[in-house]
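Chain naming follows the written order as A, B, C, D, E, F, G, H, I and J, and within any one chain the residues start at number 1.
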């Protein structure tokens, strides 16, 4: 089941550089795992912003919640979630 | 080059049913062509809304503009455009 | 799987009374069926508004979309959808 | 009398972990008591957010106010309240 | 039980003058009855606007809903409702 | 002359408890004086919020400004002011 | 007593040209009278908009309301009102 | 050339009282000079707010920018600028 | 003197095609004249929208107002105006 | 390919003056280089604000992202990006 998620990161201006670097490194590792496992199906950067647009493919709402709240950057992100479904005009198998 | 586009359709309440059906049929045909040609890379329905989330892969801003304003439903849609680029944490070839 | 849905009805001021009455009667019949079938789990009126707050229990996003867009009043409603999941502090079996 | 309440928690980034844990533990205990007593009738997590959607069943506005402002997390929450009443299309006894 | 209600009237520009006058006369009569009966406790005009600020004193949410949706101008009003309760700093008997 | 005023209090999370208590005690004393003197005509709590809805009866805009900016909590409040006047449908002497 | 008022005019697209011209002529005549009488103290056009910024000097809220709602264009205007008072840093007699 | 400017002051809660007093004294002196020189043509307090509405009469956009950014309180103000021009219905010489 | 202007066109859905074509043709001719005369210094299309971003170079606010309100599409456009001035970091002669 | 970018700078009130000066000096140097290289095609100050309106001419979305996120002030700026294309009514070669 697909969900459209936008994440905008707002790190505090006074966060030490190494703490920020550590958070980002852990976030990147988890994002890679979730992509390889097929849960985080798409991940794009929004040009000019510290933000991303993502598509998740999960079993249900609870799994989506666990994934998002488990991200190291979760406490510093504004997150918007929209449930998606197949579009009747879609001709691509990969979008189901 | 990738763009994130959301389209929300607002047909006038008094549009005759056959005029609406004709518009939608033409929109669907064009959407299928653009998907097959690789320009309209992804197309999802937003659950509970007459709206979609799309990813376009075009040569430049002008091509995106021509595609969107050429859609039969363009006069009846609220459209939001965000330029995308590859995310440094992406591990998927298909998201470039 | 649970979804929180708010629906605000905006009928055109010039809709004939019998057309409005027919829409509402059909909406009411479908709402009753969906409640009895367990899909429309809760339905409350927002005090002072032609609006409701609802909880749907559906198999997936697609089923939610089909139910909402199949409502007779769908073309006249502003709809907001939020996916829900069990709250870790909930002690009620019925909220799962 | 029913009220729809949404609560979004915003803990300060610099709150010590044990202070946050203590707040959450006390919140959870009070929430459990209020649910068992029938005042906090429903409690759901909003997927992807540190937020909940709740239905309270109280004697009057004053009781609602006392419950909400008495929650340990109250100083850190954005709260929105909507009075509800029975929907004429509801067929469920439990929604009255 | 007290509720704060703001009502902003938006009559269609093409409503015939006598239809508008009839609506307003009926609204005025009902408002007078509700004030005399103690349900519509306060009623003020917002300066420079076709809008009012009102305080209702009703038994519960359902009575508030029935009163507001029964107003002749209801289909043409934007309405916002806030439940009130006694303020701990109030020293006036009349505000309870 | 009447004014509708809403005040939402936002005390800093790190304000010492005794400083907050002192502010609130002074606010309460001044509010009582203004109510007894007839300037602060109504004062209600908004259910579920650290906020109030008030009606002031003052000689002119300047007196309203002096009262509001003289409140001990003024630096910590979001304030919205609307000038009121008698409603043509009001039948209550007390709302003039 | 001074009030800051912004008025934005939105005439329906299908209003006949002579009806619009008549409205505007009557509005202009009344505005001139009110300026000469000292009630409409300042009147400026907002560059690039069918809108004005005005300062009214009236006896009280009720007089402001009567003036604004008596304007021929009132039904077609979005109006925002802010009560003003003398600024402690003002050195101009004319701004009192 | 005239500009409408609104300024809302937001001093940090933890600014020392003498630093705030110094800023305000310097702001007041500069405002007096600019008023006497005719650049700051009108200055009013918004009732109930730490905010003002002002009219500036400057040679061009650059002079307006230099004046506003040169104010001691500039770093602590939300500022909104609207270019004005003479209103065709104005009959006052002073508003040109 | 430079102004940044955004214009979003909203033609009524029921405007006859030839009336719309006539409006657009006249708009285009005037836009060309103003560009050649140096008043309309830049004109870009916003990708995916019936909207433009423009830079005007005019003598004063009044000239800007006359130009914008004289455009054939003015009654159908949402317009936002921001006064510009030379940026201290600009190294281009053409941006003064 | 052209992009319209607005940048609003929000430096923390407690940033040391020399740190702010260093950031601004580095920003200015990079802005000059990018203008001379043709990537930052236009740069204007918004009158009355610590903000700019800019036009970038870049190869693609990724280059725009790298430029914007590489600016020394990036962590302190609110940035809005709109893709542009040639306007059909433009007669200026420089706007392509």
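Simple rule for what comes next: a residue touches a chain if its C-beta (ideal position, glycine included) is under 8 Å from a C-beta of that chain, and two chains touch if they have at least 3 such contacts.
Each chain and its UniProt protein: A, B, C, D, E, F, G, H, I, J = Muconolactone Delta-isomerase.
Bear in mind that the values here come from a model prediction, so they are computed numbers and not experimental data.
Identification of common neighbours of chain B and chain H yields I, J.
Chain D and chain F have CA centres that are 27 Å apart. Measuring from the averaged C-alpha position of chain D to that of chain H gives a distance of 44 Å. In chain D, the residues that reach two or more other chains under the touch definition are 2, 45, 47-48, 61-62, 64-65, 81-86.
Every pair of chains in contact is given here: A-B, A-C, A-D, A-J, B-C, B-I, B-J, C-D, C-E, D-E, D-F, E-F, E-G, F-G, F-H, G-H, G-I, H-I, H-J, I-J.
Interface residues of chain F facing chain D in the complex, by the touch rule stated above, are 13, 45, 47-50. Within the complex formed with chain H, the residues of chain I that make contact are 1-3, 60-62, 64-65, 81-86.
The touching residues of chain G, counted against chain E in their complex, run 5, 12, 61-62, 64-65, 68-69, 75-76, 79, 81. Here chain A touches chain B in the complex through residues 2, 4, 27-28, 31-32, 35-36, 42-48, 52-53, 55, 82-92, 94-95, going by the rule given at the top.
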